[in-house]
């Protein structure tokens, strides 16, 4: 990018939680100019009514989500219902960096896509999780440099993959006995008007959903861990809804491979993330809280070996809307375009 | 009990959350008269200052916790720090029904007690989980009839044991691959003045604790499941703190034993709890929420078989202070004294 | 009522928060048998799907809301959109006790009704706030004995009227300088699927609504205080939405009438509620919390005189769904039918 | 300041909520280098244990709060118990910009100080509320330019003064009939270990405190409004504690002066804040929420005239820790030192 030039960025789906968070992050980005904002049923509305926290953009009016409106920007973020981003991207041309916040282009296996999402698979795009260690060395970051299409990871897969990948990359874990239970804030479910998402129902309550392997993030987690370890991984994944707006706490446990010494386990995680700006292994004895990453692009980790059961337990905390969506997306955009990877991003949470 | 006679009941530790909840339940109990209330540092205070929701008892004044004050009641509940209830009970005599809300008399193996709690084991009392199925048939209920000592289960063990015991009792589960992650409201940590329990820290945040097998409820869970299945069970247990005052949501997963057909699994739970008033297996498709049991003595369950990983996932919701503490205690007292098991208890939650 | 006979009770609108809470209270009522349950769009659904906390009624199926379905019960509760209960009641006959949980029959002045609600006024029914002191002596209770129609008060008017009526009844307050700001839990807004009621929006947030005198409960509050004081009262009322499911905290302040001594103020409230089972003036120094009345039919009060500004500040806490709706309704039904006023009701909150 | 030079900043009381928030804001400040961090009982601890969200400072160790440790910095923030900052500041010299986050130097009248805080008044410092309009024209901003001592306003006075000052400055309001009820998140009470601040007590509950004119922020509010209007103002102020970590929602109502037309009221606020970056009067019909300013330095306002009672109701939302404490402090420091007033600050909240 030329010095002083600002990227022109459009956001489709600016009225949703993902789109709104992209805008919040971009308002702090030194190299970005916010261009067109679009919506579906909300086209014509002031952004101030829909995203009242984005005060500097309050008087912007949403336009309809069409290729014409989105054309002419350097970067286009798509916060759309799944099944729709592929066709739209095709009309935007190959020079534009298109970033899909949805699920359409994350999975590599069309059969898996069809089983979990239905309909035809729209093809796979470079996966926006820069820190993911790859079997055989390297990081997913290398696959993002120069990319003009990015598939932003799901929020749960971000947390769980960062939590467990070092163990698989180092060959420490059995690939067939992985159990993950994760709690998410309600913004992970979007702004949909469903009775169980009402404040009266959510406050003071925890509940599971997608139990028994049915959650769509399950194959995405398995794909990432397989990529990290080089062997097929299967995961029992149970998500739960927690009474908070933001945050994911993922409790990830896996059986240690035969012959692995407890003392060697911690080292694998230390080495995996020693040079990463946004993934933090806490000092021994300190455990992650979702509050500490509220509004931040950080993933905070801690682990313990349970010798009684022969398992390692890794707990990860992220903000589902930042590292789990908009922050991770901007981080990948920075990488794709050769900007500093941390531009516009903070590792500091808003707490308490 | 003679018709019309009311039990005289004392509560030691009436200023804490467990003691307060016992009083809340007893205020609804048709056969009970509330006698002495005691505290340690709070002796001399009006209960109205300490438990402002117990309006009918607001003018009661806490007495010191001594055998003299507690003597002369039919039933004495002890909500005391662990390590202290055994000696006190010994001074109350064998005719009094002494109910320990703490951990002193739950575990049967002194070595395990010492490892997890330190100090000398005070002996084992009948365990107050009436619905627990026992290997070889029968229920724990039978061991409570006529008892004059009751060890009230821990809150997590109540939820987890009710969730998994039917599977072990029916021989459906492998005893060495059990993983439990549970979320608890903050009242489970008591009224202790610790920074991480402040509202500012808790609201909007989830965090784990006791990770890696160190939580004291781990051996209690294993003891119960071993009792149900007749074979040694080991459990990977991770508790987490959730931003709500009450409630436990326990996500319990275990590998199916070889040759178990998915279709047979549900039946075991249906049969186990068909006749139980306080344990409810929900209709297929409906999942427990902690809100639905807020203030109730119910344990609500649902399960799914994940054929992809060969595991069953059972989710249980209880109110940690009711079914997990005070309600379970009163239920056991009713059983011990030959009262209707549900006297003073409700299965109906306060929701939303 | 004949000894041993149980009242047959129907609830129209059983899927909403008001209807569900009536059922929760009635499940504890010793003289009641729950009959027909009806809904509009939910007719045909199992109650267990809609009100999962009402476990004993889980298998009940909602019927359509028609006079035929509701006929033949002793008592019918109507939790319906405003404007619809009058016509339905007319078809149920004069022997049936019809209890309107909505607003249709609360206001006495048709012109005020039309200004705040629109449409034609359906007539005034006996107002279900038994403890309200009346100018010239007596209580509203006397107007409920033998009634076959009851208009259940709004939740805010319940709290505010109980807070301020003693001062007006005793002639201590200036009728033209009353300012009330109240915070309500989200269940007060019902189960309506509106974006601002989503958990993600509500948690961690407070916001006002109906500011500037527009809230429909304003004239109802003024009507009650005018009734208590015998002179026209005007009230500045601002409601706010708080991040909790239940509870109203009403901060009510009024200028003291000329010549009123601070020392005399407290006495008026003490005397007004000395004999009331559900309205509690706390001891000096203790202030109400909504937590202490969660799930209870209590209204808890405290007051202070601010000599610097010449005002009294009275703070009231109620559970909007209990004393503010379903509990107050059942209390009035008990009065109308000659049952003990507290039957089925508790003054004990579920806390913490 | 020379170009490129960074200010060296120390923070005393870095373990508290105010000190932690100053650090969070400063980590985003382009002209600042964070120097010594001190604590009292926490001296010697890693900051990572006390403020886990401040990841870039996790390995900093707190030093004792002494003049020696604090000396040599350009700016020193004091987050100390009241009564202690004056003596410490005296030892730091007149060249250092000392910013008192506490109450010691806010009030101008020593008699009022003594009545509300006790002890001897430590003198008055320039008051850090730049936007406050002053009677006779001008803003408080002008009194901060070049200052080397700043008294940071209390959180409630920030919200209430910004809400009502335009009306007093324009002569629209009667100075003797002002009623304010405000709800605050629990972080406003600090990290003190008090039972009523436990999460179990706070969640799901609202409660008042300091009722009847006793809250220490009352005279500070009156001082500010008197300064704005040029006439003595008295205020009835009632604070309440809300179940959220951050945020203040202040509902402020005042009687309109005789002859004021409702149509003129809005104009006064529009003109007062038309050029302010951090005070926003929302478009008609949109009301403030505390969520929209979470983590932001914004104060968001809306107002309505209630012609029925002759009052204006102004509602303000701020983040008590940002605009109400640390953000306001940094804004004032920027002004004092001739930096851009918004340096390091954002008007964009973290929502939902």
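Things to note:
As written, the chains take the letters A, B, C and D, and residue 1 is the first residue of each chain.
Quick note on the criterion: a residue touches a chain if its C-beta (ideal position, glycine included) is under 8 Å from a C-beta of that chain, and two chains touch if they have at least 3 such contacts.
From a predicted model like this one, the values you see are computed outputs, not experimental measurements.
Shared contacts of chain B and chain C, meaning chains that touch the two of them, come down to A, D.
With centres computed as the average of Cα coordinates, no chain lies farther from chain C than A.
Note: centroid distance chain C to chain D, computed from Cα atoms, is 38 Å. Mean C-alpha positions place chain A and chain C at a centre distance of 46 Å. Residue positions of chain B with contacts to 2 or more other chains are 17, 185, 187, 198, 200-201, 203-204, 243-246, 289, 291-292, 294, 352. Residue ranges on chain C touching chain B, taken from their complex, read 17, 20, 24, 27-28, 46, 48-49, 51-56, 187, 203-204, 245-246, 280, 282-283, 286, 289, 291-296, 298, 300, 346-352. Residues of chain D that touch chain B in their complex: 17, 185-187, 189, 191, 193-195, 197-204, 243-245. Chain D contributes residues 176-177, 179, 181, 183, 185, 198, 200-201, 203-209, 211-214, 218, 234-236, 238, 240, 242-247, 249, 251, 253, 255, 287-291, 294, 302, 304-309, 311, 313, 315, 317, 352 to its touches with chain C in the complex.
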